[in-house]
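Below is one structure, written out as structure tokens, with a few remarks after it.
Chains: A, B, C and D, in written order; residue numbering restarts at 1 for each.
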């Protein structure tokens, strides 16, 4: 491991994992001085009956102040304002967020507003607003992928100004992340596969990006091996709690790793593809991940080779000569995608051209690629990538990913 | 006509409490020459018998009682006996000297030393006479105080030593009473308690002790007495006021411990000074026999005849707790005497408890300056009740459990006596290196530095040498065995010192120590000693040999301590003395121990870790089996 | 306890490092202004910025700074080192002078510094990314290759930026940066 | 199969490397603080590290409320009370601990005193938990850090208090600060860090996050130890080791204390010989005891200590044993720098007492017999030690 000359790492979330993890929530929240938490979630989660599971698990220990389930898929600051009003009217003193990335981000926003006081989140913008500990926030992720439970960012949309408000502070890290297999019980197989591939992308990217550090490395490697070991079983057999718990753990660890070492090309392109063509984030990740590794191999040969160790296990790692390890790792991921494609009956796409909208039309037309490539310049994930990404580079990678062919190494610009 | 012993009988009475039997062994002639008697001999006897690493409160510990050769000859201040054992308070060797009648009784029963092995199943006491030892059931007196127990035992002989309830309950600093004197420090009484031995009584008056060379002895003795009677300390202040005469001096020099050593002097100190007490309590002498200094006093306190508390008691149970009422201090003193507890360690431990309570480490109502609860605490300690159970283990153990190690004033587990070394750096070094722990009788540097002004208290030059020199001498004096206080007379009375102005002595002493100290004439002691043992089998040692014998005893004790795990890490002072300056000093001074320690080790022939080098041991003849 | 033994400490200033950072910021600021008139890619990027867009780059908390604005003409203009009286939409600050010195002595590339969290960015992120790209380009022109490779992530090879164009543009940028305009800016800021 | 039943928290923000000291003012600002009180160890100030810290505050606009430099090796309440008094009088709003564990503990204790506006820790000794809103607390380890300074334990006046709030908010490892003061100190720090990492991996609570931290720590040590011991003042080697100490202490804060650590601390209490000396000598014995009881050692040890290539080359059934060997080799190379703890020279009743005390500590999962067995084993000659036993003595 080469030690970076400088790094910083912060992941101050208390993680509880286990098949009965939810039962520990009341005790831990009481330790944080909580009496009346508010549960924040969305309709989908509520409909799946997860809220009942949660309230049952924490029943008796705490007095639930309110359940706020009105979070739409495309949440914005007004939802946050409403939520904070509910919070204040019910004299709550903590938030329990149950849901995916959007719910968690909204919950973080509600927490900012509720802790700092005020009527609207618009008043809380600007650097240095959040400078003290917020009220306790417990997060119960229902998907194993985004890793939002371990990140210090909250992105809240401002639909009127067509902007995204970005809140970054260490105080936005939740106090509690609860990983319980009961929470991911209802996730369909193709979502499981996509979100897990999202986590895998987090882990792999954090292992080669510029901010990589010993801690994020160790977390990432562990996350990769957990995913490679448990993803297929979890997709094949959703009833297997231990595999789902392992994926939830992997997601959290990948989240902790990438929120500190950041993500690169895969997310850079993925974010834009998602935004332009409305493709689910996990899908983009699973398709682009091999290209991210290939594109950066000349800068991070050793690190990408080491990913193979976690991905394929020590036997294959030992058998593969050092030079061939990065390629082998890429191949492993492609094989994984292929397997998932087969298991989910084609719902897990392998390349961009294969993604279909609900009506069957291609979601990412080839003609959209130049626009996507241009927009990658405005995405923050281009900075941590070890190799520079300019629109021409992005286009080159996208074309390969669209067609689903290996990246042509000779076309990667390596600089002088 | 009584039987006579010329000088020494060299007979050792060895007692096994478990088997209730005794046997007799001989002190080899070679040992007599190397270790003189008293402390040196006791250490040597213990060294030959004690396995290292045993539990001091277990059955393997051995208690050795020895007498000096001068005892019984009528030499002034010679009525002292020595006890040597492994201390439960410090876990290392402890030696204690006591002036009670037991020593004389044992010696005049024909024994030069007594060694106690094993542990009795049930409380016993031992009666000694010239024929040996008998064992008697002590169930009747088990649980009584020292005074009552001693009275009972004295029916069997002329001198007894007993423990009180503190020793029975294994308070780690319990002491032994003999007459009205105490074998104070390091928990020798606890060792007796752990052996279920309530007391020992010796018949005495069976033999007459005669010096080998009567004429020479009388001549030396006469000079010795004259010195003692001329000296302003021995015949002046101490004879009039006891050791409490030091209170005023300490207060003025800023070495009086006040409130657990946070200050060096106090405005009310005069209230507890010897002068005030002598006036207030109408004191009379009450001393060990035979004595020429007469430092012990008795007076009327609260309407009854009581002993006047001694300097260390007054400071540790008085000023160090913020109490300046001699009557109250006397109450505590009486309690400690009754229970058989070391007043210094008791005071030191209570002071720790007070500070710990003040800082919220323990829950207690004890507060500095208030006498409330102290008497109850002393009783609790003696019976190991409630919080007393924790304090009964001494401040080191208590602070290891409850914290507050930075203000637990002990060295190697033994609580510090009543001199604050931040006003006398040499004393600081002496505390750190004293073999038995925080002890002022290893080398009385405050005397040189603060009392007689013969050295600069805050200078460092030559201090290690002075400490070593004094340690050797004190060790030798304790091996004679004679009262340490005679040192004032022996050193200060010879004409060379007497007629030289103090400032010159001070200059010489501080800057040409090697020369100045070796010019001092201490030949009286070896002279007395040799007059008693006679030249029939031991050559005259001379001053040099006498010092060397002291050094031998000191290094032997160190060597035995090393076997128990002592090293440089333990030769240190409480953090308060090393780190915290006092407000009473002009500049906050702390003891610069490290630099002195290094030189001291070199002078002593120890390696940099404080362990005696092979060569040193060889030179002194330690470890060799003598026949 | 005598609390005077532990006096309050008012830390001093690092004059030399600040002066150095000042000079570098001056040169880079003028360089960016010049690059906008010379390099095509910079022109493209600037076109995407809103009009009147003002940004500052500097060292937190007490300077020095450089302030650049997109004028009505659509060109960037270096406004000097004073921030008073200017509405700054994008504030990019290096967190301390020591980090700034490391960056300006090219011991840490801009991208690496950004990844190490040396910059605190307050404002619209896409614009910040655009500015960083402009700075990279400006550095490629302003600095000799051996130093510029330390400062940027990928130094363009011959295919990406032909040497002829590079040296020609570099000359133009230098001429513009140190033209009399420099003295005007300095004068106006004094 | 891992069970994944665990709780884990790694509160501190870790800053490492070049120029990280200068980040402190910005970190303070992020915590809404601007006037820190520095609690420094005497040793650190003697080595002029206090001045370095002040220089890092140049041009930051922060005022340092004072440098309280009375801390030596013992954390006592008196110092904490004084520090709290200073803090209040100066109107400070954050703590910076500069030094070793004692300095950090004084800062923690003073933090509780000022945050709770109280003058006594007694309620906390009796089990009260501190509130969530303590003052920001930044820790700059210098040397001899005892490797648990960054953890969640407040060790003051020989009492151990545990709470997640005792974690420092920020731990700064900087080349100017965290180099060891001597070869001995270097070896001791490495040993304590290794011990923390080792026992958090062996702990039966197999949390992957804790293991990741421990793994990172052990790997950093494994990569750098030999060079570090040769040249302890070389920042390239020493800084990763110092960082490993921080990571290991975070891992250890989430695991039960290892038998060797507890035993070493209890023996230190009895004999006042530093715990690291015992740990260095007892670890091989303890690992051997575990193997003798046929409880498998996790293969992670080898992976962390020797790296992927070595791990991949070893057959599965030998992973535990080879891992133990690799670890022992590391311990022994460090142990060469410190004196041998002659266990046989320590009185038997003290050993027994230490074992009993160790077994009665909270959260431990071994009995006095196990501890005694380790000590017994340490006295014997161990099979893998035979080759170099001669030269050590």
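Everything that follows uses one rule, which is that a residue touches a chain if its C-beta (ideal position, glycine included) is under 8 Å from a C-beta of that chain, and two chains touch if they have at least 3 such contacts.
Quantities reported herein were computed from a predicted structural model and do not represent experimental measurements.
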Next on the checklist: I want to compare two interfaces, C-D and A-D. Which one has more contacting C-beta pairs?
Outcome noted: A-D
Checklist outcome for this item: With centres defined as the mean of Cα atoms, the chain at greatest distance from chain A is chain B
Checklist outcome for this item: Chain-centre distance (mean CA atoms) for chain C and chain D, in whole Å, is 42
Next on the checklist: Taking the mean of the C-alpha atoms as each chain's centre, how many Å separate chain A from chain C?
Outcome noted: 33
Item to check | Where chain A and chain B are represented by their mean Cα positions, the distance between them in whole Å | outcome: 75
Checklist entry - Taking each residue of chain C in turn, which ones touch at least two of the other chains? => result 108, 120
Checklist outcome for this item: Flagged in chain D as touching 2+ other chains are 18-19, 23
Checklist outcome for this item: As the complex stands, chain A meets chain D at residues 1, 3-21, 24, 31-33, 128, 131-133, 136, 169-170, 179, 213-215, 217-219, 221-222, 226, 242, 245-246, 249, 252-253, 256, 306, 309, 314-315, 317-318
Checklist outcome for this item: The answer for chain D against chain C in the complex is residues 18-19, 22-23, 25-26, 54-69, 82, 85-86, 89-90
Checklist entry - Along chain C, where are the residues that touch chain D in the complex? => result 1, 3, 6-14, 18, 59-62, 95-99, 102, 108, 120
Checklist entry - In the complex of these two chains, what residues of chain B are touching chain D? => result 52-55, 58, 91, 359-361, 363, 399-407, 563-565, 569-570, 575, 578-579
Checklist outcome for this item: So, in the complex, the side of chain D touching chain A is made of residues 1-20, 23, 29-32, 129, 131-133, 164, 167, 207-209, 211-213, 215-216, 219-220, 223, 239-240, 243, 247, 308-309, 311-313
